[in-house]
Amino acid sequence: MLSFLFKRRAFQGGVHPEDRKQATSHLPIQTLPLPERLYVPVQQHIGAAAQPRVQTGQKVLKGEMIATGSGPVSAAVHAPTSGTVVAVEPHPAPHPSGLPVQTIVIEPDGDDRWVDEPEPEHALNLEPEVIAQRVAEAGVVGMGGATFPAAIKLNLGSRHTIDTLVINGSECEPYLTCDDRLMRERTQEVIDGVRIMRHALGARHTLIVLEDNKPEALAALQEHLYEMDHLEAISVPTRYPMGSEKHMIKAVTGREIPAGKLGADIGVIVHNVGTAYAVHRAVRMRRPLVSRIVTVGGGAVQRPANLQVPLGTRVEELLAYCGGTRETPARLLMGGPMMGQIMPHAQVPVVKGTNGVIALTAAEINIDDPMPCIRCGRCVAACPCGLMPLEMASRIRSEDMDGAAAYGLMDCVACGSCSYVCPSHIPLVQYFQHAKGVLADRREQQRRQEELKELAQQRRARQEAEAKAKAEAAARKKAEREAKKRAQQAKAKEKPAPAKDNEKAEA
Amino acid sequence: MYAAIVVLTAMGLLLGYSLGMAAKYLKVEKDPLVDEIEDMLPGTNCGQCGLPGCSSAAQALAAHEAPVTLCPPGGKALAQQLADKLSVSVDLSGMEEEAPAFARIKEDQCNGCTRCYKVCATDAIMGANRQIHTVFTEACNGCGKCVEVCPTNGLVLVPETPTLRTWRWSKPEAR
Amino acid sequence: MTEFMLLLLGTALVNNVVLVQFLGLCPFMGVSNKLDTALSMGLATTFVLTLASVAGWLLEYFVLAPLDLGFLRILSFILVIAAVVQFTELVIRKTSAALHRVLGIFLPLITTNCAVLGVALLNIQEGHGFLQSVTFGFGAALGFTLVMVIFAGLRERLAVNNVPAAFAGAPIAFIVAGLLSLGFMGFAGLDFA
Amino acid sequence: MTTTTPVSGPHTHAPGGVTTQMGWVILALLPATAFGVYLFGWPALNLLLITVLAAIAFEVISLRIAKRPVTPFLMDGSALLTGLLLALTLPPWAPWWIAVLGAGFAIVVGKHVFGGLGQNLFNPAMLARVALLVSFPLEMTTWVTPQPMFAEGSPGFIEGLAITFGLAAIPDAMTGATVLGETQTGFSRDLGLSETLPGVYDPMQQALGFIPASMGEGSALLLLAGGLVLMARRIISWEIPVAMLGTLAGLATIFMLIDPERFAGPGLHLISGGAMLAAFFIATDPVTSPSTMRGRLIFGAGCGLLIYVIRTWGGYPEGIAFAIILMNGLAPLIDHYLRPRTYGRTRGGKPLEPKASAPAAPVTEKRP
């Protein structure tokens, strides 16, 4: 009975939101029919936007690269189906602001024809660098929602010693079941992707980690992993935010990533199961990332589903396929309800990081008007990062951003546990996002000021140099003139006549 | 009576002497504050504070003769830094964070007089005599000096257009 | 030993200079905006108070009393305190420029801090011996530092709280000081017999 | 389905809110309150109603003056709770103006001057109690022996009104002193505990509440039960009550072993006076207590220590209100210095040293 006293906690804090996965966890993945238009943004990842390399009117095949990655942190974009490029223009991005982003609009021709049929490769014979290169060419990013280009994280094995590769199948957000279904239906492909990644990283141990609310997926994995060395699937207690990289590492290895470092610095790398599947497609099958699995759910959706969706499909098409909405959703989200982003409207496309499209009713949201903080400390107890959200928020409210930073604002992972438990319904996460934005602006402004200072100094130096040169020139001229004058005077003493000519010449 | 006079005089002399000695041994160099403050200021000598340049602004600040909010290009961030440096408390909530703005030349109105080019503290305007000038937004600090000198009103300050990269979450309404 | 401990506790809590005797209110109000500053001010005052108690006692029993110059007490005490404060200021300026800037005008103000003069005079009035004087001065300073720090903590909280405009700043600080003083009344009559 | 200003996640929320929490606390107090009213009869009921209504009235007036919405802030129940707590700590037959003054002080000076709900630094009810005790020591220490409602000899409705409104004096025969008061009086007459306690202290009676006490402080057992319910429902944290009662009991035990004639034992300390009420309902006030676990433990221990010190050596027989106010004053400091350890950092806030992981033998799978 007292066992709860002795149970080692996976990580401090955390919350237990109702998981609400029952609506879709039993539904197999369905393929969404091709829509009439696909809106493929060039920026679907963290880092620099990709550069479009197709023109309006150009025909493209499925899997053809339509935008190339630019810079060290970027990812290529491929045509999700065969068809014609009808425009390359700004369209609303899947982002709370709804601001436009450069988008390649494709009209499918209905054939869905692949670019070519490459030979499947013996992926485990490839050098790690080649694997990373293949993954980069396929435009694979972190599929759990973070969308960090996956190739960069697969290359870390060359510079760091990686002892543990953790495959994150926790899917700790409520409603979402796309990873669950993926692991259950495409178990072998996922495991193959995991093995390719392990090979690329040279990791000694590999763990596929699931929360204990997905017993079927765990069983499926364990069946296929039977007798595989150093590769096992384990379950961890269901607790949000288990899926956060920092907390997953803490939960399965007991280690913590030091502040300001990466998982690779302590020898652990975390990849999502969806990424493993995409890596399998990219390296084994030589197919780029052109579609993904999306959970359509939430109380406002008529028939929730797990769908395989071509990237660039607008959210409204998904909702329509699921029978539309029962009622006007109070909030339309991309991603889960804890860390997902609110969408301004349904005319935004599904991108590489879209793991769910959730239409919530007001009752599911259950957020009232905020009341003043009563300092109950629940946010402190819930914070998985060991911060004091109430102190940070009160400082941000009185515009003391540095004070908030001193309380550890930059260590916040914005998981939302604090807002979730706050009895006063204070939007703590938004306070933190706001403050992080203000601080980022300040850093940006500071950087600009430094640059401008440099420019101003250069200008002053130049002006001074110019003035000096001028002064010197003037002095020289003057000296010359004097010299001439003296010479003339000397001459004039001898021969006073030609003085007039000289004066003219000088003028 | 005499005792009192003697005692007080002796005390005064003794204490005065020992303090004098202490001051000699515990001497400190000049306050490096002015230089430190000057380093914090933008250094563009734009003159928006109403003082001749950043170094005179730094002197005024160090002497507590100017408010820490004097520098518009530095914005709220600089004001806060200065307040901390000078350990004065200041209410910055009224100070609006101005959206960064850039000068833009209306090309049809530019007559190529080069006046803007000459006043720009950061060489953000390029162009030669009798040619239409252009502004490098990267180097522009939005001080607006060029706008003032333009004879044809051909320069305007335009605010930065928000993009996904510059978009920020707003502060929640508190009750 | 016990006697000195009790004297220390009694001076620090039961007869707290600030909240019970209402001495030294000007630094208490003036330098309690920030915790660090308050702590520094408390330490500086501790130094001065202890030193002033010692100097006052020596002055009284070696100069004023033998020469029968009791009427010069206040005058000469202020002289000595001023010198001690000046000395402290020199030391602080040498050791920590930042602290010197922060304490600013309040450092010379310790001179006129009634707590310092008050404690020195109380020592004589109560007829304390030398060690008792030191303990008394130190205890009073300890109490001063304690309430400075508590009060600064409360004011840091107030700074981020949503205090109505009419009360924000000094008014609420005075109210809080009053309420805290109410709490210290609980120590009244504390007697460890 | 468009929202004009984007709102950040999370987009779902745990059930419950401030109102629910306050509601539970009030509910947990009800048994002890009802018992107190029964025990001390009509005057107690009058006093309870006056205090609570006055607290609500002052809340409404303050909200109006501050131009804040009245309904949501009144509905959170905090004013009701403050009034209730204050009433429970007053002598049950105190006159009406004590109640009104106390409620006014608590709500206006204790709470709204600071900016209302969540902004106060001290527990309003305890502030009011201290202010009343210091200003009106006679009225605040006139205790009566239990006069159960409808019992023979106890005042009826009309007599109750007369007592509350000061029209009739409390008969001397009905007044008594609290156990803590009796022991202190005993010490002043050089009487040891073995001489004072018999006759005034019976552990069973004391725990049940059949003693001269304030309206709600008497019944230690009912208060304990209510507190345990709150703990089980996670409305209050376990740290403060445990640390506070633990410290109090620990100190009492140690000193009792040193000199049982001079120092009362842990039992008396725990079940007499307001120890239970304070431990479960007053010290746990979230606004004025620290927000971290370690902070709460220290806060609770500090309360226990101060209560024991003031009760044992102080000038007042009961030190709970003072102890709570003093610890309230320390709470910001505790929160400032005792922060939880941040993930990836040491307690001091420095980044952790990266642990050198064991050099791994790379697993290379090569299969044709």
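As written, the chain order gives the labels A, B, C and D, with residue 1 at the start of each chain.
The criterion applied here is as follows: a residue touches a chain if its C-beta (ideal position, glycine included) is under 8 Å from a C-beta of that chain, and two chains touch if they have at least 3 such contacts.
Small disclaimer: the values here were computed from a predicted structure and weren't measured.
Novice: Please flag the chain sitting at the greatest distance from chain C, going by CA centroids.
Specialist: So the farthest one, by centre of C-alpha atoms, is A.
Novice: Looking at contacts between chains, which pair has the highest count of C-beta pairs?
Specialist: After tallying contacts for each pair, the winner is A-D.
Novice: Starting from the mean Cα coordinates of chain B and chain C, work out the distance between those two points in Å.
Specialist: It comes to 39 Å between the two C-alpha centres.
Novice: Find the geometric centre of each of chain B and chain D from their Cα atoms only, then give the gap between the two centres in Å, rounded to an integer.
Specialist: Distance between chain centres, rounded to whole Å: 52 Å.
Novice: How many angstrom between the C-alpha centroids of chain B and chain A?
Specialist: The computed centroid separation for chain A versus chain B comes out at 36 Å.
Novice: In angstrom, rounded to a whole number, how far apart do the mean CA points of chain A and chain D lie?
Specialist: Going by mean C-alpha positions, chain A sits 49 Å from chain D.
Novice: Where in chain C do residues touch two or more of the other chains?
Specialist: In chain C, the residues touching two or more other chains are 161-162.
Novice: Where in chain A do residues touch two or more of the other chains?
Specialist: Residue numbers touching two or more other chains: 97, 369, 371-372, 391, 397-398, 427, 430, 433.
Novice: Multi-chain contacts only, two chains or more: what residues does chain B have there?
Specialist: 169-170, 174-175
Novice: Graph shape for the chains shown, where an edge means the two chains touch. Line, ring, star, complete, or other?
Specialist: Topology of the interface graph: complete, with all chain pairs in contact.
Novice: Using the touch definition from the top, list the residues of chain A that touch chain C in their complex.
Specialist: Residues 372, 391, 394-395, 397-398, 400, 403 of chain A touch chain C in their complex.
Novice: Tell me, which parts of chain B touch chain D in their complex?
Specialist: Touching chain D from chain B are residues 169-170, 175.
Novice: Provide the residue numbers of chain C that touch chain B in the complex, in ascending order.
Specialist: These residues of chain C touch chain B: 33, 63-64, 67-69, 72, 75-76, 79-80, 83, 86-87, 90-91, 93-94, 97, 101-102, 104, 162.
Novice: What residues on chain C touch chain A, complex-wise?
Specialist: These residues of chain C touch chain A: 159-162.
Novice: Give every residue of chain A touching chain B within the complex, in rising order.
Specialist: Those in contact with chain B are residues 43, 93, 95, 97, 99, 101, 369-372, 396-399, 402, 426-427, 430-431, 433-434, 437-438, 440-442, 445-446, 448-449, 451-453, 455-459.
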